[in-house]
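Notes for the one structure printed next.
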Amino acid sequence: MRLQLSTWPEVADYLSTRRGVIIPIGSTEQHGPSGLIGTDAITAEVVSWRAGEVLDTLVAPTIAVGMAHHHMAFPGSMTLRPSTLIAVIRDTILALSSHGFTRFLFVNGHGGNIPSIQSAFYEAYEEMRVHHGDGAPDIACQLCSWFSSPAVEALAAEAFGDAEGSHATPSEVSVTWHAYPDQQRTPVLDPPVAPQGRFTDSRDFRRAFPDGRIGSNPALATPELGGRFVEVAVDYIATTYGDFLKG
Amino acid sequence: MRLQLSTWPEVADYLSTRRGVIIPIGSTEQHGPSGLIGTDAITAEVVSWRAGEVLDTLVAPTIAVGMAHHHMAFPGSMTLRPSTLIAVIRDTILALSSHGFTRFLFVNGHGGNIPSIQSAFYEAYEEMRVHHGDGAPDIACQLCSWFSSPAVEALAAEAFGDAEGSHATPSEVSVTWHAYPDQQRTPVLDPPVAPQGRFTDSRDFRRAFPDGRIGSNPALATPELGGRFVEVAVDYIATTYGDFLKG
Amino acid sequence: MRLQLSTWPEVADYLSTRRGVIIPIGSTEQHGPSGLIGTDAITAEVVSWRAGEVLDTLVAPTIAVGMAHHHMAFPGSMTLRPSTLIAVIRDTILALSSHGFTRFLFVNGHGGNIPSIQSAFYEAYEEMRVHHGDGAPDIACQLCSWFSSPAVEALAAEAFGDAEGSHATPSEVSVTWHAYPDQQRTPVLDPPVAPQGRFTDSRDFRRAFPDGRIGSNPALATPELGGRFVEVAVDYIATTYGDFLKG
Amino acid sequence: MRLQLSTWPEVADYLSTRRGVIIPIGSTEQHGPSGLIGTDAITAEVVSWRAGEVLDTLVAPTIAVGMAHHHMAFPGSMTLRPSTLIAVIRDTILALSSHGFTRFLFVNGHGGNIPSIQSAFYEAYEEMRVHHGDGAPDIACQLCSWFSSPAVEALAAEAFGDAEGSHATPSEVSVTWHAYPDQQRTPVLDPPVAPQGRFTDSRDFRRAFPDGRIGSNPALATPELGGRFVEVAVDYIATTYGDFLKG
Amino acid sequence: MRLQLSTWPEVADYLSTRRGVIIPIGSTEQHGPSGLIGTDAITAEVVSWRAGEVLDTLVAPTIAVGMAHHHMAFPGSMTLRPSTLIAVIRDTILALSSHGFTRFLFVNGHGGNIPSIQSAFYEAYEEMRVHHGDGAPDIACQLCSWFSSPAVEALAAEAFGDAEGSHATPSEVSVTWHAYPDQQRTPVLDPPVAPQGRFTDSRDFRRAFPDGRIGSNPALATPELGGRFVEVAVDYIATTYGDFLKG
Amino acid sequence: MRLQLSTWPEVADYLSTRRGVIIPIGSTEQHGPSGLIGTDAITAEVVSWRAGEVLDTLVAPTIAVGMAHHHMAFPGSMTLRPSTLIAVIRDTILALSSHGFTRFLFVNGHGGNIPSIQSAFYEAYEEMRVHHGDGAPDIACQLCSWFSSPAVEALAAEAFGDAEGSHATPSEVSVTWHAYPDQQRTPVLDPPVAPQGRFTDSRDFRRAFPDGRIGSNPALATPELGGRFVEVAVDYIATTYGDFLKG
C-alpha cells in the first residue's frame, strides 16, 4: 500500500488498526561507469514497496536525494547538507506522527545517509521532549539499511565473493536491473574489480576511486540475482520489523 | 533523459553541450475522497518526464513532499516546513550547479509550494552573491506550475467549466489516471461540485472544505483527458522554456 | 491608531474589543534615477496608517527592509535573505498573537516580499500545529499588496496607461510625493519609458534594466495622484478586510 | 541624509567620498503607563537623523522591533528572538558592505538589544573570516547606545536625579515628546517613582514592575529637555564617531 | 560537588532540596606570549569548582570554547560562532531545567562570551514563553564574569595598578599559575606593558596588539596572587548569588 | 601537548612541522547507580591526553556535553540537540583549520555522538566545497571511538566476558577509576548484570533499563584494569592514526 496511491479516507481506515509506516530513503549519486545515479533510491524503493505488500504496511514517498557529499566530484551526483536532510526527516516524522502513525521504519539504500537519519531521530525525539516532556507523542523510529542486513550480506558473499565491494556493488546493481531490466549497461570496467580504501571529502574520493566504484565488480550483476536480493531483504525486514510495524 | 536512470559518464557527455535541467516538485497531501495523495507529485513527474523527452533535457528526481500545511487535518497528508523546503531546493540548485548546470526549471504540481520555491531561488542567489559577488556562478532558476499554464487552464475550462475548481481538480486527477489507469476511484461525491472559498491554517481548511476538495468535481476526470493535459502542458513548456533549457 | 504612538494600557483597552492588527511591510531598494530608495516602505506605511484611521485598527511598526536581492547591483539597496525575513515575520506574528491579536493583515509595498510573507504565514501556522495541535492559537494571516489591488491597477491604467510599468512606477512614486512633497526629483529619464522584461539574479537585473526602472515612466507622477492612490487603496482594504480586522 | 529619501545615483555619489553609515535600532515595547510603545525606536531615530545631518552621513532605515522578551507580559510589546535579530543585523551589514560601506555605527535606543547587536557583529566578522580569510571585506562595526553616553547620563542626573531610573525614563520620554509634541500623556503615576530592581524573564519582570516602569518618574519629562537630550547625544556621537564615519 | 563526578542517584538527592547549578564558561584563545590558551576556561573552572564547594552547589562541566573571533589571527585560538554558542547555552539550560534545576549561574572567564550568554538566556526564555506561555518552567539565569566583579577589580588594581590591562592580564595568569604551578612561562615581554586600545575584527586585533596582550603586563603574575583572586571571586559569588542558588 | 596548556607561539612552532590535532569528545549523562555522569568525557579525555603524549600531538579541549537524549529521563544527564552538536564540531574544525591544522582526529567516548560527529564532518566538507570548490582547504577528519576499537573490545571480553554490556560498562568505569581513584562507588547493583535490549527515546530507555545500565556489571571495574584499557586504546590509536596525525 503506497501512500502516494491512496486517498485520505483509505489512510484513515488504515490508521483505525495500524500505526506503522515505511519510508524509503536513498541517494542520487554516481555509481561507477555502469551503475545508475538513482541506484540507492531505486533499491530502497523496490525493497520498501515489496515489504509494504508483504507486511500490509503503508509506504511513504521515497526520499530520493540524500547525503552524498563524497560523490560530488562526479557529474550528476546530488547531495543535501546533513543539516538539510535531518530537517527533512524530522519534518517527515512529525507530519506523519500527527495523524497517529507511531512506528517509523526508514528503509535505507545509502550508507552516507546513516548519520543523518540517526541524528534526525534524536532531533525529533529531543524537540518533542523539550516541548512536551512526558506528554510527548510516543513514537519509535528504526533504521534498516537493506544492503547490510545479514541475509543480504550472506547472499552477496555467496554470489560475488570479494567482488561485492562497497560502492557500485553488483548486489545493488542487480536490484536496479531487476527493477529496470532495460537499463542494463555493460561498459568495460578497468580494472574489473575496483580498488578498496577509505576516503574523506569529495576530492579525496575521486583521487582514490577514479571511476567511482569501491572494491566492486558490478559486471557480475544480473536481474535474476536482483530479484533474489529483494526477496531476502524483504524477508529480513518482515522477520525483524514485522511486529514493530503493527504499532 | 532521467538523471536517476543515467550514469555519471552520460551526464558528463550531456554537460559537454547542454546546461539545462528540469526538477519536478510536487506534494503529498489529501486530494479529496477520490484523488490520490500523491497527485501533485505524480502530475509534476509525468509532465517533467515527457518534457524531458521532447526537449532532450535531463530530469532530476522528483521532490515528492512539499509545503502542504493547510492539508494536515486530513490523514496521510505530509508537509515540510517552508524553511525546510527552501533548504532542500537551495541544496538542489547548488549541488547541480557545481557540475555546470546553469539553467534550472522547476516544474511544479502544487500551489502551496510556490512561495517556498521562489524564496529558495533568492536564498541561493543571495548566498552566492554575498560570498562571491560578481564571481558567483551565473545560474538562472525558473518556476513553471504546469496546472496554471494558459494552455492547461484553457483546456480545463473547456473540459470542465466551473467544476475544475482549485483543489482535487478533474484536470489533475485526469493526469494521475492517465499515469496510473488502475488507480481510478469513483466514490459518491457530495455535493458533486465542492464549495469554493479561502482558508488560513489547516483547521480552517477542514472547516471550510469538509472532504478536502475546493470547488471541483473530480468525477469528471478521464484518463484520456489526462493524456491531453500532459500534452498541452509539455507544449507550453517547450515553447516557453525550450531555449532557456539549452543553457 | 499606531502601536508606536500608543501606551500599553491603550493597547489593553483596544484588545478588549478588537483583535485585528495591520503590519506595513516594504523594502529599501533602488527605484530608478528619480524614485526614493524607501519607496516601498513609505507607500506601505502611508496606506497602512490611513487604513488604520479609517478602520479604527492598530498599525504595527513598518518592516522597512524586505527581500530585494534582485536590486543589490544598485548602490544603497538593502536586502534580508528570505530565511531572515521569514523569521522576522514569524516572530512578529507570534509576539502579537500572545497578547490576543488573532487577525493579521500585512499591507505590502514590494512584490519581492510576497514569497517570504506567504512562507512565513505557513512557518508560523505549522510551528503552532506541530507543538499545539488543535490547541494552537486560532490566528489568521492575510497579505494585501496595495499596488496590485484591482482599484489601484485600474487607476494606474487610467492615469498612466502602459507607462505604469512594474518597478519605479509612477503610481508608487506619486504616493511617495504625496507623503514627502519636498522629495520630488525630475532628472531626465532616458528612455522616458523603461524597457520591460524578466530577470533572475541581481546581475541579470542590472544588465536588463540599466537605470533600475522596469517598463515605467515615473516622470508622470504627481503628488495629487499619490493622494488618490492612497484613497483607492484604503477603500479596497476597508471593503475587503474591514470585517476580517474586527477579529 | 536618509537612505530612504535618497536615490541610488545619490548613494553612488556619496560612496565616491564616504564610507560610513548610521543604522538606528530601537524596540517596540511597553514604556509604562505614559510612555509610548515606540519610545526606543523613536529616540534612536531622532538622534540618528540629527547626527546624520550634523555629520553629513547617510542614515539607514530604523530597525524598529528589537529584543524585548522581558516586556512581553504587557500588551502591545513586540520582540524578535535574539537569533532573529542577529540575522537581521548580519544581513544589514553584509548588504550595505557590498556597496562599499565599511564603517557601521548602530545608534541604539534599547538596552535589551545590546547582546544581539554585539553578537551580530561577530557573527558577520566570523562568517566573512571563515569564507574569505585575509580577503574578507575590511569592515568595522560600532555600537552607541545614545542613552548611556556620558553626556546624556550627566544631563539626566542633573535634570532628574534618581528619578531617571532605567526604564520608561524621563529622558527618553522627553525625547519622544520633543519628536511628537502632541503625544504627551500625563496619567497619575503611582508611586511617582517606580521601584528599582532586577528581573529575569517576562513574568518576573511584570511581578517586579507592575506598571512597567523601572525606577523612573517619567512625569518629569518635557519636550524642551527632549531637545537638549538629542543635542548632547548628537554632540557625543560627533565627537566620538565623527572620524570613524568618514571611513 | 561536580556533576561530572556525581552519579544520577546523587543528583536526584541533590534536587530533593536544591535547585541551583553553576556552569563555568571560558574560552580557548591566545593570551599573549606567556599566557595559556586555556586561560579563560581554566579560571572559570577553578573559580566555579571552589564556589561549588563553598556553596554546596552542583557544578556542570565547563564550556571550554567560547566566542573568540577577535583572537583568531593568533595560532591555536578557537571560536564558536555566536549563533553556535547561543545554541549550546540554550540546550544546556533546557536540559538541566528538565530535571528540576531552576537557578542557573554562568561563571564566565571571557568578556567576548558576554553577548552570546545574554542572548542565550533570552533565546531560552522566549522559546519557552512562545510555546508554553504562563505554563513555561519558572527558570532564572544569571551571568557572573568573575574577572569584573568589584572585589576582583579592587585586588587587581591594588596588586598591578595600570598593568592589569584587559587581556592576558596578570590577574588571570595568576589564577592559571595557582591552578597549574608547573605551567609558568616567563618570556621577555616587549614592551613590558602592552598597548591599550580598541579593535573590531580579528585582523584589526592583531594589527593593534601584535603579541596578543591588551594593556597588560602578565609578568607580574604569581601563583600566590592567583589563590587570592580565586578567594575574593568566590567570596563575591557567595555573597551575591548564594541565596539565588538555593533555588 | 594540550592546547589549553600551550601559548600561541608554541602552537605556531608546532604548526611549522605538524598538522594533526586530537579532539576528545564525550558526554555528560547517567552511567547507572555507580558510574560517574562524566564517564564518557573523562574517558575520552584520558585516552586523548595519553595519545597526545605518545604521538607528540596537540590535544584540543574536550567537548564534554554530547548527544545523550536517550539518557534524559535520569537526573543530571545533559544533551545537546544533534543540530547543535554538529554546529559545535563544524566550528571546531573550521577554527582550527584556519591556523593550518589539516588532520583532525576526534577521540570519542560515547556511542550516541557518532551520528552527529559523522554528520558534522560532511557538513564542514560540503560547506567548504560549495563555497570554494577545488580551492577548499584540504582537510581530513577521522573518528575513533576508543571503546569500540578492536584491542579494547578484546581486553573487555577477556576481563569481563558478557558482563561488559554496552552502557555503564566495567571497562569505562575502570578508566574513570584509573583517572579518579577517589571516585569509586560500590552500591549494590540489582541485578548484578543489567538487562540487554534496544531503546528508542528517553522514556523508552528508562522503561527498559530502570537503573540506567545496559547489559553491564560495573562492579567488576578496577583502577588497574582502567590503566590497561587506556594503554591498549592508545596503542590502537598510535598504530592506526599515527601517520595520519603527522599531516
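Note that the chains take the letters A, B, C, D, E and F in the order they are written out, and that residue 1 is the start of every chain.
Keep in mind that, in the parts below, contacts are C-beta pairs under 8 Å (C-beta built on N, C-alpha and C of every residue); 3 or more make two chains touch, one makes a residue touch a chain.
Here the structure is a predicted model, which is why all the values come from computation and not from measurement.
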item: Each chain counted as touching subunit A and subunit F at once; value: B, E
item: Chain of greatest Cα-centre distance to subunit B; value: E
item: Far-end chain from subunit A, centres as C-alpha averages; value: D
item: Euclidean distance of C-alpha centroids - subunit A vs subunit D, Å; value: 53
item: Approximate Å spacing (C-alpha centroids) for the pair subunit D, subunit E; value: 29
item: Per-residue multi-chain contacts in subunit B, two or more chains; value: 72, 79, 81, 83, 98, 129, 131
item: Chain contact graph, described as a line, ring, star, complete graph or other shape; value: other
item: Full enumeration of touching chain pairs; value: A-B, A-C, A-E, A-F, B-C, B-D, B-F, C-D, C-E, D-E, D-F, E-F
item: Complex contact set, residues of subunit C against subunit B; value: 67, 69-70, 72, 79, 81-83, 86, 112, 114-123, 125-129, 134, 136, 138-142, 200-204
item: Subunit F - residues contacting subunit E, complex; value: 2-12, 15, 28, 30-38, 41-42, 60-62, 64-65, 72, 74-81, 83-84, 87-88, 90-92, 95-96, 98-100, 180, 183, 185, 187, 212
item: Subunit F residues touching subunit D - in the complex, by the definition given at the top; value: 94, 98, 131-132
item: Residues of subunit E defined as touching subunit C within the complex; value: 129-131, 133
